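After this come two complexes, each holding chain A, first together with chain B and then together with chain C.
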Partner chain A sequence: MPKITIDGKTLEVAKGTTVLTAAQQLGVHIPRYCYHPKLSISGNCRMCLVEVEKAPKLMTACSTEAADGMVVHTATDKVKAARRDVLEFLLINHPLDCPICDQAGECGLQDYYMDYSRAKSRFAQADKVRREKRRVMGPHLVLDNERCILCTRCVRFCSEVTKTSELEVMERADHSFIDAKEGRALDNDYSLNIADICPVGAWTSRDFRFKQRVWFLKKTPGVCLGCATGCLTEIHHNEGVIYRIMPRPNADTNTWLCDPGRMAYKAAQAGDRLKKGVIKNGLIDLEPALREAASRIDEHHEAAAVLGSPWLSVEDNAALARFAKDGLKTKNYSFDFDPEQGIKDGILINKDPAPNAAGARKVKAAAGGLSFKELSAKVASGEIKVLVAEARAAGLLKEELKAGGARLIVFAMNRSEIPAGAYATLPYASYFETPGTFINFQGLERRTEPTAAAAEGVKPLWAVIGKLSAYSGGSLRLESAQDALKGI
Partner chain B sequence: MENILLKDKVAGLDGYFAAGGYKPLKKALGMTPADLIEEVKKSGLRGRGGAGFPTGLKWSFIPKDGQGPRYIVCNADEGEPGTFKDREVILKNPHALIEGMAIAGYAIGASRGYIYIRGEFAAEARLLEEAIADARGRGLIGANLLGSGFDFELSVHRGAGAYICGEETALLESLEGFKGQPRLKPPFPAVKGLFASPTVINNVETLAAVPTIIEKGGAWYAAIGTPKSAGTKLFCVSGPVNKPGVYELPLGVAFRELLEKHCGGLKEGKKLKAVIPGGSSVPVLTAAEAMAVALDYEALAAAGSMLGSGAVIIIDETQCMVKLLQVLARFYHHESCGQCTPCREGCGWIEKILDRLEEGRGSAADIDLLCSVADGMKGRTICPLADAMAMPVLSFVKKFRAEFEAHAAGRCCPPEPAGKH
Partner chain C sequence: MISVKKVDNRPLNFLERIYLPEIVRGLLVTSRHFFVNLFNPKGMPTVQYPEQKLPLPHAAKERTRHRLKLRADGTPKCVACFMCQTACPAYCIRIEAAEYPDNPVEKSPAVFDIDLSRCVMCGMCVEACPEDAIAMDTLEIPGGALSRAQLKLTKEDLLMTLPGDPSDKGAANRLANEHMKSRGEA
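After this line comes the complex of A and B, so read on.
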């Protein structure tokens, strides 16, 4: 194992470790643009140049492997001058439009300029190379080639991570610019990661662009509920409004985040978000809606059924189980979800589009119940007269409901979710507004944290069920999510 | 002295045979690769493309064991401004190159060779292809060379006109079908070159010297030239001299001899101002420096310049150094691959400053800025293109500062007629 000395501190590192990562282990930050830990080394930005004793020239820390006895200096006058020069080169043709740039506040050029340069421009303003400033690239991104520093992270991301290779550096010298290859659109499922890894404001998200200054954003750890992979996320929000979702890199699941996962917050803030109940097609206040739903359930007490949902948290599934067992005292309930799981595209997106089949199964293990097949047969045969279910889970029994004619009482967040023919719909709080536990396809338990308050009157699902139980069957007296878990 | 590279009547295969051609290949195939490399080391032959790296040593870097193919690649991109020597070898002595490649291939265990030729050399590429076909017809290229059991295939690949593809790793990228951009090193081509396999890349002039070295022995070749700069070198002389052209002379020849004896001196009425001795990338010499220098690797380095590709550009008193540097800057700006920040941005910046100075819009501060930008580029990029821009800038300003100052003060040269460039 080679021993390397960086700025006077000695460290033993694994063979193949680069100077840049060795320095990182010692807490020494070496500035970089093109280097990214998950992409190949391209060594083009020249920002990470350091002095290596006995080497005739400055070396790029990102590509130089630590060798035994190597002595590196990262803050000598020579290194500082090189950084200042590289920054100057990067900035001469940069438009300096920070006041209208979304990257401002998290920009590699701004940060390193303050840290390593602060020099006055020696370039004649009028001589700048002009490039295309607003090029829509695919469904999620806009490219500003004037801001681009040609670090090629985006090009490498598309060729190495998504393996779709849409992007290329066109032309040469300072006429170079990033573009999609002829006839290609930048429409892979991970394109928004490009806006994250772009160290400057060249790539911006069409969704996030011009919405919010980054320094106003508060960051709350989150979990993506877009599929069974259950990626860790970071939710960026301000004053109760979510503006973007970013990946929270971790060794278990994800460095990146897929585009659909990033857009998941849209439904929670959509215009058709339900704040009231719906009976047939008419909006109605929550209390009368609950009473109406309860009386329809009571009509068929013994023939009522409850279906759990892989889209709901462990707590909310537990509340549904309690409702069936202790409220309705029916044996007709199922928490049996066992779809095929595993990474579908070799990157992040799971074969199972629901985030919590494993969590529902956990409830099944504790509360028992019918298999999914048994319940569907009963629904199809008409034996079940009323079914209580979450909207997307109810969709799994679409044909059976049609055949058996059971009355459907659903829980839904958005009006667009309501299955055709639902009798009563009850709104509930999204997991951006209430905590919930989810178990991903690897069996990892992950908890959401609320980032925003739900609309007035909209309660977490376990609380809605608690209320429903007060009107129908026996009251469950659910005061908290923990109460739901306790009973099963 | 008899020419090694540029001979008469050897362009065709029969003429080449008559002059003893392909005997060295037969001799080489009877030797062990290790002995062959030793012989080339002994000759003191150094890379003629510009860097002057010892050829035998380069060949010895190819891993001795290990699986998979190896490649020998000839750099015939000849893009360095002022250089036109490889073309001459291809036109007059193509079989020396082909034979040299077969020998080099055998020495490093490469059964496949490529000649990457400058895109503009369409006729030369055709000529090489014909020569290879002729050689193949006689069993000198192909399977089982001369019954030795060694197979050697050779093909010609035309570039698409980028200067940067003369840099060996950009050449490899281009040969593989990618955009020509230099690779980050290490790994070096000897370990991971063409198609990720061990590869040697040699210049045309280097490879063409190999058959003679094998035939006459390394010691014979080493006796030509100076102790550290052995052999003959092709000097391409351009500019206002009476007989511009390519001259094969022993290394160490005095510049004065090249100019006065071989090139017939400057044209009447012209007075020598400066010399770029090794292609446009190397530092310029003043007339006095040039007249005192010998043309070999060491002497030119001692004089603060380089032998480079051996392209000797003669500059007379009527030429404007600012204008000349502007032409060079336009070239390097155009040819920078755009990969590394300092070169991508610096070349364009330098051209803009020179445009200002040349057109009388500049200031005295621009002269220092020019040097400062060049300093910021030097030694900080993946390949030497940034240095190739920086070195002329720094040397032109250092040695001819008065001309730059005159431009800054508004005393510019008369503008050239429109449409000149």
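After this line comes the complex of A and C, so read on.
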């Protein structure tokens, strides 16, 4: 195992470790543009130059392997001068776009310029090389070639991570620019990661474009509920409005985030978010809607059924289970969801589009109940007269409901979610507005944290169920999500 | 220099405690001012603002009501970079950005509100602006409104060119200047 000394600190590293990662282990930050921990090493930007004793020239830390006895200096005058010069090269043709560039505030050029250069430009603005600006590339991205520093991170991402290889460096030398290969659109499922890894503002997101300056954004850790993979996310929001979702890299699941997952916040802020109850097709206030739903349930206490949902948190499923067992005292309930799970595309997207089948199974383990097959047979045969379910889970029983003719009482967040033929719909708060526990396909338990307040009158699902139970006799006394978890 | 005034907090004597002589003393001061001003109104320091205005000293001219400058083609010089909103210590600026479909400047303000009832007239927004788009040189001194709503300036209130303003000739923004030149407007 080679022993390497960086800025006077000695460290033993595994063979094959580069100087840059060794320095990182010692807490020494070496500036970099083209290096990315999850991409191959390219060594083209020269920002990471360091001084290695006995080497005739400065070496690139990202591509130099640590060797035994190597002595590295990262803060000598020579290194500082090299960084300043590299930055000057990169900035010669960089446009003065910071006022209109979304990257401003999290830009590699701005940050390193302030840290390592602060030099005045020696070149006239009029002489800057011009390139094509504001090119829409694919459904999610805009490319500004003038801002590009040709680090090739984007090109490597497309060829190594998504393996779709849409991008290429065209032409040579100072004519080089990034472009999609002929006839190719940049429409893979992970394209927005390119905007994240581009160290400058060459790639920016069309969705986030001009919405907000990044320094106003507050960051809350979150969990993606787009599929059973359950990637860790970071929710960027300001004044109760969510602006974008970024990946929170972790060793267990994800470095990246898929594009549909990043857009998941839109439904929570869509215009068709339900703020009131719906009876058949008419909006009515929540309280009368609850009363109406409760009296419909009361008509058939024995023949009422409750279906859990892999789209709901463990807490909300538990509340549904308590509603069935302690409130309705029915035997007709099911929390049995066992879809095929596993990474579908070799990157992140799961075969199971629901985030919490494992969480529902956890509730089943504690509360028992019918298997999904048994319940659907009962619904189809007409034995069940009222079914209480979450909207997307109710969608799984579409045919059976039609055949059996049971009244459907659903919980939904958006109007577009309501299944056809639903009798009553009750709104509930999304998991951007209320905490919830989810169990991903690997069995990892992950909790969402609220970033925004729900609209007035919209409550978490466990609270809606608590009220529903109070109206249909036999209150469950659900004061908090923790109450619902009792016995689970 | 800090001057120190020693306050004598001795207990009130009998004459002061019955108040009447002190009230008479106070009324005498008031009546002296009243009669002096009545017979010599020119000597009064009061100005009947806003009907009557004093000329502003040089530096104060740069601390009057804001305006947003225009380019020669009538578009705002502002590119909605949010620097002023970031710099404002009173949180009185609210901007929403929009995108030009054709103009290569790309970004412009859709909403630009200044709440003068919160503004402290510090001029930080003018300092922060990288496009020289906001100025506080209208020589209007805000204040004297009947409601807070009247003190709220929108983009339409703010956009103006002053007579002899050289700002619409060329801008800090290279793209805007080229765009105007290409359409023969510069």
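Just so we're on the same page, the second predicted complex is superposed on the first by the 485 of 488 C-alpha atoms of A that agree within 3 Å, B and C clash if a C-alpha of one lies under 4 Å from a C-alpha of the other, contacts with A are read in each partner's own complex, and residues count from 1 in each chain.
Here is the rule we go by: contacts are C-beta pairs under 8 Å (C-beta built on N, C-alpha and C of every residue); 3 or more make two chains touch, one makes a residue touch a chain.
All of these numbers come straight from a predicted model, not from anything done at the bench.
Engineer: With both structures lined up on chain A, is it a clash or a fit for chain B and chain C?
Structural biologist: When both complexes are placed onto chain A, chain B and chain C end up side by side without any clash.
Engineer: Looking at the overlay, what does A:D85 touch: chain B (first), chain C (second), both, or neither?
Structural biologist: After superposition on chain A, A:D85 lies in contact with chain B alone.
Engineer: In degrees, to the nearest 10, note the angle that opens at the C-alpha centre of chain A toward the centres of chain B and chain C.
Structural biologist: 90
Engineer: In the overlaid three-chain picture, which partner chain does A:R134 touch, first (chain B) or second (chain C), both, or neither?
Structural biologist: Second partner only, chain C.
Engineer: Let me test your reading of the model: by the given contact rule, A:E234 touches which partner, first (chain B), second (chain C), both or neither?
Structural biologist: neither
Engineer: Report for A:C98: first if it touches chain B alone, second if chain C alone, otherwise both or neither.
Structural biologist: The second partner, chain C, only.
Engineer: Between chain B and chain C, pick out the one touching the greater number of residues of chain A.
Structural biologist: On the superposition, B touches more of the residues of chain A.
Engineer: Thinking of the overlay built on chain A, is A:R213 touched by chain B (first), by chain C (second), by both, or by neither?
Structural biologist: A:R213 contacts chain C only, not chain B.
Engineer: Who does A:R122 touch here: chain B (first), chain C (second), both, or neither?
Structural biologist: In the superposition, A:R122 contacts chain B only.
Engineer: In Å, how small is the closest CA gap from chain B to chain C once the two complexes are overlaid?
Structural biologist: It is 20 Å, taken between the nearest C-alpha atoms.
Engineer: List the residues of chain A that touch chain B in one complex and chain C in the other.
Structural biologist: none
Engineer: Of all residues in chain B, which touch chain A in the complex?
Structural biologist: Against chain A, chain B makes touches at 162, 164, 179, 184, 333-342, 344-349, 352, 369, 372, 375-376, 379-382.
Engineer: Given the complex with chain C, which residues does chain A contribute to the contact?
Structural biologist: 96, 98-100, 104, 125-126, 133-134, 209-211, 213, 215-216
Engineer: Mind pulling up the chain C residues that touch chain A in the complex?
Structural biologist: 79-83, 86, 97-99, 104-107, 130-131, 174
Engineer: How about chain A: which of its residues touch chain B in the complex?
Structural biologist: 41-47, 49, 56-58, 60, 63, 82, 85-86, 88-90, 92-93, 122-124, 127, 129, 149-150, 168-169, 171-176
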